[in-house]
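Naming follows writing order (A, B, C and D), and every chain is counted from residue 1.
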């Protein structure tokens, strides 16, 4: 398969945008400008981008507590995202949701979720809607290795298989659920083998190499659009930071090896290397992309900071739709 | 006007709304009467599911957020506690958390209530749990007429609406007048099921029948009972209930739920915290509820737990004493 | 393996007891003497007996809504069972539970359950207790094909595998969940393949032939007692009657073939044939066993009928233990 | 007496009870402070689980029915709605359904409450749902002293006991006096946290601090506030609350739960349905609760939702007016 250069460069830019957004969000969190909690996606950029590059804007995804990457990859606006993290009225959720509840229905991003495994049934419903609409649309459900032990994983994959729904279940296996290693909580080595229980294909893929992610997802999306049913994709990836940012920025409780292994697998550096080999990337272009992204995130932070806070009684709005 | 059963009234609402709006469809744990919809609407709009309430209740949320109007029927509410996270953390909060970006038009309907010797798990009245849960509307119709009109309103509402159909009412062969055409009853409006002057009885769902029976019996003894049916528990028609109590000065609240934190507790608190109504009270508000026990199997014990006409009469005598 | 004749005959007697108990319970239900609901186990007797013959009295089981067979097979008293169905104070649960909530903790029967799939976590906990007690005890969890689509199936098998618990998950696959065929609700042909998702063995066994059930379970119990962890056993069996008895005894809504196939697979007739072949059963002995069982169930019904009803206010007792 | 934090008090109860009874062990979703127990008691008595609340909450029931005394800690209550069937249909009913055959000594503990900008799912106060659910005892301690004494009672109780530890209190570094030794506080006994004569404030969990702060401020203005902490919501110490209200004739109830069907609703109904207390009331009982909304993320809006000292003061002024 040959991919258009600008598409490859766009993928690279999105990965850098995710990395930069979360790096800056973490800074703003520790500077006290972002309340609540932030779960950084740093190190896993290739999964969100490799997957979402296969999607139409009207395809739908559900996300997790670690949702910034999915949101950016699906095409959301970093300004409205940052404003939400800052708790401002200009944010995607008017400051009602925050980091764990960002959504942009306009681009088919049906929401981050603070409950592990809760996105699987919702994505299954989005896939049902796509099937009933009959426009060859698909749904993608992102979830973690830890989530694959929740009951909703089982019931959702079974239901999706029974109805032959156009859905791709994307397990981001970063090897950890907070401080519990997947090797403890998971009774199997690969989540992908669990596809067997639902008569759907399960594929294990390196989640560091974005083109491999893209390729594997492409086939799964083709199957889904062709009415051939769900696929379970497992991407082995690496979480660089602590499970969540905490005030005072305490040390990541995971063992040294785990903490070190992250940066040894850098999807962005890896992709830059490949693009350079292919003659698509030059030091100056690389420098330019990073600079442009940095500026756009800086702009997003300024937008957020200069946006108004909600009024206290705004809390009473939006309980029910008109 | 034709007379039909409670269940027939609900089915009429479904048929008419499914004709009116092709986005309306069913997700259910078992077909039951819904099977009657398949010939006209096909299996793609009446979908039976494997036994996995968390998956299909959650799927109704995803479908609603993707432009459809699902009606999800797990059967008995007790089955759907396995889907409680999807109800509590997703369905009830998703519209608000996302700042109102998208509407989630969902009808979640299930049967509740006891009276059939089905034992603790299958005889519950957990509606108060849902009243405390902000983000859901909650309806408990007591008659075929209310069931159809409120179901149509629920289907057209752009929010998750929970409808609990009492399992005795849903299985009842009793019929009453229901207009054939399409009509709606606004969500949040109580109905005075019987006018009276001496005491107000606020009764919920199946308890309305017991309250009316008590009112009949007492009227022959010169006691005039007003029976108010909230019909909708969220939002509740506080005005209607309070003004009835302001008129009579006395109130008995009949609710099949276990008494602690029951809907009756909310009605009582809502009545007494209003200064005008509080001033008008001539005697303490009285709750008639199930005791705080899981509902037992053996009929004698079960009947002891579920409020009936005699409990209502006794309570009325107490507030009049 | 050679089995003692009296053990084989005891197994036969238990199967007949289950059949007779449910036949008579169904009659009493339709005679209006049993309130609530009754789910008959008729046709599945070989599973409960073949499994429980491997168990010690201090081993523990959890059951389902279709629990009479498991309860009898584990050694409960039919008199106290029948009294419970009749809603009397002499019943196992003093009339508080009824058919769907029979339990006899004295023989390790931790309860029938009105919620599909709810027994799996509870049995997992009983297995955890056995492991911590360190007496090589085991737990057995009975559940249906329909239950295998609930989230608790997944989370319980994963947890049991992670902790290598002494538990046997026994799926009674009778092909139906009320009126929904397993071929629709199950995304796979055999529930047993789902063992793969938890790294535990899954075995498909004919559930009509009691000695085959006994054999398969024997190995699973051996593994459990030896600390080798959980096993998933799937027994293909047949439900003869409607899902549940209903007032007026309406026709079983399943298609004709399904209704007919039951009696074509009779575990009791099958076992009688074998025992006769082996010279252990004679027409007179068979006749004697059936008569003795019939009498004992008649006695149970008389006991139930002559037992006192609870007092209304007894409803207030037993909410909390002293 | 040594001063320790809320969390340290809870850990002291665990350590002492685990030494006292080898059947006591932990099942948890994540270790947190429980990690401190592993050196002494080992991992077999402090068990971390895969993310599967339905499985491990249910496992605690099976273990309890098999002779052990599990303490199950999913972390936040919001995580455990995925285990709601095991709580509602199994844990709460199993002792009763089986006619009292077996005891089920289980401590189910989780954090609740808002105030940390954790948004709707992670800032809930769902305790009223559990009050309506017959079969569970329910405790919400407001101080380190109460937390330790009530935790020990809960561990020794032969029934499922739910303990909700407010997430602000549980994370607080504030210390107060707690006896080092082993002591118990009986379940079902309220505590008068401050004596007063003009008005009774019934406050739950974290709200006790707000009530005491309000009392301090008002005392300087000559208003004498009595603060009653129920400590246990099920069973509730009705006598203690009613007699305080009989003394003052005025009551404000402070509860972080959404107001409809809140614990405050139950307290209000329980007060007014008692004739003596009803007669003694000089003004309508007043509830101070969260509004009926999912708790929002942005601090300004969240603070608006969660009752504080000023809301309490305003309510007291109203009932005194």
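Here is the rule we use: a contact is a pair of C-beta atoms (placed from the backbone, for glycine too) under 8 Å apart; a residue touches a chain by one contact, two chains touch by 3 or more.
Keep in mind the model is a prediction, meaning the values are calculated, not measured.
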Task: Pair joined by the larger number of C-beta contacts - A-D, C-D - done: C-D
Task: Separation of subunit A from subunit C, taking each centre as the mean of its C-alpha atoms, in whole Å - done: 46
Task: Distance between chain centroids, defined by C-alpha means - subunit B, subunit D (Å) - done: 29
Task: Euclidean distance of C-alpha centroids - subunit A vs subunit D, Å - done: 37
Open item on the list: For subunit C versus subunit D, what separation do you get between their C-alpha means, in angstrom?
Closed with: 40
Task: Two or more partner chains touched - positions in subunit D - done: 49-50, 52, 54-55, 78, 81-82, 85, 89, 96-97, 119-121, 134-135, 291-294, 296
Task: Where subunit A touches two or more other chains at once, by residue number - done: 93, 95-97, 101, 113-115, 149-152, 154-155, 158, 162, 184-186, 319
- [ ] Select the category (line, ring, star, complete, other) that matches the graph of chains linked by touching.
- [x] complete
Open item on the list: Residue numbers of subunit B touching subunit C in their complex, please.
Closed with: 30-31, 48-52, 54-55, 78-79, 81-82, 116-122, 291-294, 296-305
Open item on the list: List the residues on subunit B that touch subunit D in their complex, please.
Closed with: 54, 78, 81-82, 84-85, 88-89, 92-93, 96-97, 119-121, 126, 128-129, 131-135, 234, 236, 257-258, 260-266, 268-270, 272-275, 278, 283-287, 291-294, 296-297
TODO: Would you pull the subunit A residues touching subunit B in the complex into a rising list?
DONE: 60, 62, 91-97, 101, 103-105, 110-111, 113-115, 118, 120-130, 132-133, 139, 151-152, 154-156, 158-159, 162-163, 317-322
- [ ] Mind listing the subunit A positions that touch subunit D in their complex?
- [x] 35-37, 87-88, 93, 95-98, 100-101, 113-117, 146-147, 149-152, 177-180, 184-186, 309-316, 319
Task: Of subunit A, residues touching subunit C in the complex - done: 149-155, 157-158, 161-162, 184-188, 193-194, 196-200
